[in-house]
């Protein structure tokens, strides 16, 4: 009843949850074999920055626009083209609509 | 030939309106362009309901000797056109008031300068 | 917006009642002649717009409250749907014309052929025309007033 | 005839009439008491939901229903205004009313500090009524009228934050694009009326011959409705308006956008259902052509939506681009099902697309609600300005994680169930399409993980020391959506069997839709 058939495969969320649960149990068991050397409120928990002081939250914060820098830089060409497409000009919005209309007219043999 | 002239006018009006929307920069002119497209479409609907030497479709004021439904123009396209005109008034009023407020915020009516939202 | 010259004001004062009467006529005869609630309402509202132009928006604002107009607009809309719902109650279908042919208000059956029009026909159509008329008068007048108010403000570039 | 039968019989009209009545009641009530107005708006939606439930039980059990306005016996049926409700309409109105209820619950606290709320509630209820009308009507001209009402009302609502110039700009762009689109729809309707002297969908579908003018009509309707649904490259109005409207409104506008998507389905499956597979073009059946065009546009939508979402700095705009990608997934499924009409995986694709429609509304809606909660708490729109909010906004964080996983299609949430069906069926048409879709889904996960990191994790900025958790009604709204998302994720079969499968069958079986009108007159 809870199995979603797609004709060529199936998906059962409850089964999936069961498997993930078992996997977590196994991981927890494996974790128990490790050595516990962690002590709270000691020097051990502080960030080590080669002896420098920890900077203020403002400086430390990695801003959202800096994330995935590598991806955006390597796809620079794509982004330049897409930025050029998204002009923000209302006339261009309508122009795209007219272009698609014209192309489909050609495809369907109206023009 | 003469009965095709309204249809030619319809196509002409739609293209003129599209030209105004696509290539004019002034917001008011864009609004006018949309209005012209709307008039073109309304003219198209009205032309569809036209019948040669037809009378208004009112049963009680039918001129004597007119064949009862055949001699009247079609009422349905007129109803459609009226609805479309009513909607057009609302759209026009809304667009003009938006243009007023945009002018107040941006200080310009040039469509190319009103693009703080892009990319 | 300030008022215009005395000539314009006088002309408008003379024309205003006629515009009103014509607009109300178009609303009232909506079920007989071309026109109806929207068209008549637009005529009345354009008469009011004439008033705004001739006398200036401040003059009108002293006499008319937009809040009250907005309430009228709601009443028009409510009336329209209420008549439609009454059709559901009395004629077992939404928008049913329960008054037509009932010999009550607007209930006479119209004579076919080339006769004079009878006001007392049409069933619920005149009632709906009145509702739409009230709504359109109030709505368009509010639009005109708000636009006049917005364009009369001094600080334009803020 | 019992009272229940009477209510069911009149339900199609009442579903539209009750929100409309409520809309005009709002300005009067809000002069009396503000709280009363909010309660009244909510109860109106509940009443509408009750009628939808009544109608749904009847239609799902007994097949399509017809409601003809104004007259009992029909002399000339073609000009009558009629509503036709089949399982597809039921599916759509259910989604709309769920979104509307959640939006109204959310706006209780979210809009509290703004003035002009009487107009806000009027417009919201009008938008709901027009969206429901679009989904119920069986008449092309009424479809146009409801579409125009929804355009005008959405435009007014997008410009609700009238003190921001950007909101006005977004609203202007929206109204220009959508009113031109609607006028072209009216032109297409005129062409249909000129040929067949009919306006209702079933009659038109029966007599349609795929003439030269019908080709024009098909292209016009599909392109305009595709534009209103947000298909690339005609999607640009969508990020603008979604990003600037109040989030509670965005939820309902998503409903209106999906109604346009429903229009595409109706045009292709019902209106042109008889002729598409018979006509030929380029030595291909036209349905294959239409299907592949939709697939091409859908793939572009997915790629452009995801890639552009990655670089957005404004949170709501980012989610809006993700919404473009989600619309792409729906069109991908629909295109597959049209291109492969008749094969076994076409049905799977259609079911996947319809389920994804529901999931997209819920997931994107949930993300917008969370973004609105962040905006409510911090008054900041840009992602760069916010950080470390998980410390103070615990519930919102949980809801965002649920939305993130759902929109990226991670198991076991609802997004996965529908995307699974789409991948499996599209793979049988062409494996490359499926691979692109999966890759873009992974990219989507990366994007929202970035948002999660930037907004909720990271150091606590000094400005946000005393940020408060969102108010209770907003949390309730988000919780409702999240609960639905988890429920559909865990038990997709229940939803598919009760709602999606009948809807897909109703779309494919257009002969039944036609015979309901032709036989009922």
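We call the chains A, B, C and D, going by the order they appear; numbering starts again at 1 in every chain.
Following the convention adopted for this analysis, a residue touches a chain if its C-beta (ideal position, glycine included) is under 8 Å from a C-beta of that chain, and two chains touch if they have at least 3 such contacts.
Values in this document were obtained by computation on a predicted structure and should not be read as measured data.
Among the remaining chains, the Cα-based centre furthest from that of chain B is the centre of A.
One finds 47 Å separating the Cα centroids of chain A and chain B.
The distance from the centre of chain B to the centre of chain C, with each centre set as the mean of the Cα atoms, comes to 22 Å. One finds 56 Å separating the Cα centroids of chain A and chain C. In chain C, no residue touches two or more other chains.
Shared interface positions of chain D, i.e. residues touching 2 or more other chains, are given as 172-173, 176, 180, 240, 308, 311.
Looking at chain B, one finds that residues 21, 30, 101, 114-117, 119 touch two or more other chains.
Viewed as a network of touching protein chains, the structure does not reduce to a path, ring, star or complete graph. By the definition of touch given earlier, these chain pairs are in contact: A-B, A-D, B-C, B-D, C-D. Contact residues of chain B toward chain A in the complex are 18, 21-24, 30, 111-112, 114-119. Across the complex, chain D is touched by residues 1-4, 6-9, 11, 13-14, 16-17, 57-58, 60-65, 67-68, 71-72, 75, 78-79, 82, 85-86, 88, 90, 92-94, 96-97, 99-101, 104-105, 107-110 of chain A.
Chain contact summary for the complex, chain D toward chain A: residues 172-173, 176-177, 180-181, 184, 212, 215-216, 218-220, 222-224, 227, 233-234, 236-237, 240, 281, 286, 289, 293, 304, 307-308, 310-311, 313, 344-345, 348, 352, 383-384, 387-388, 411-412, 416-417, 420-421, 424-425, 427-428, 446, 450-451, 453-455, 458-462, 489-493, 496. The part of chain B that touches chain C in the complex is made up of residues 56, 58-64, 82, 86, 89, 93, 96-97, 100-101, 104, 107. Listed in rising order, the residues of chain D touching chain C in the complex are 10, 13-14, 17, 20-21, 23-28, 31, 67-72, 81, 122.
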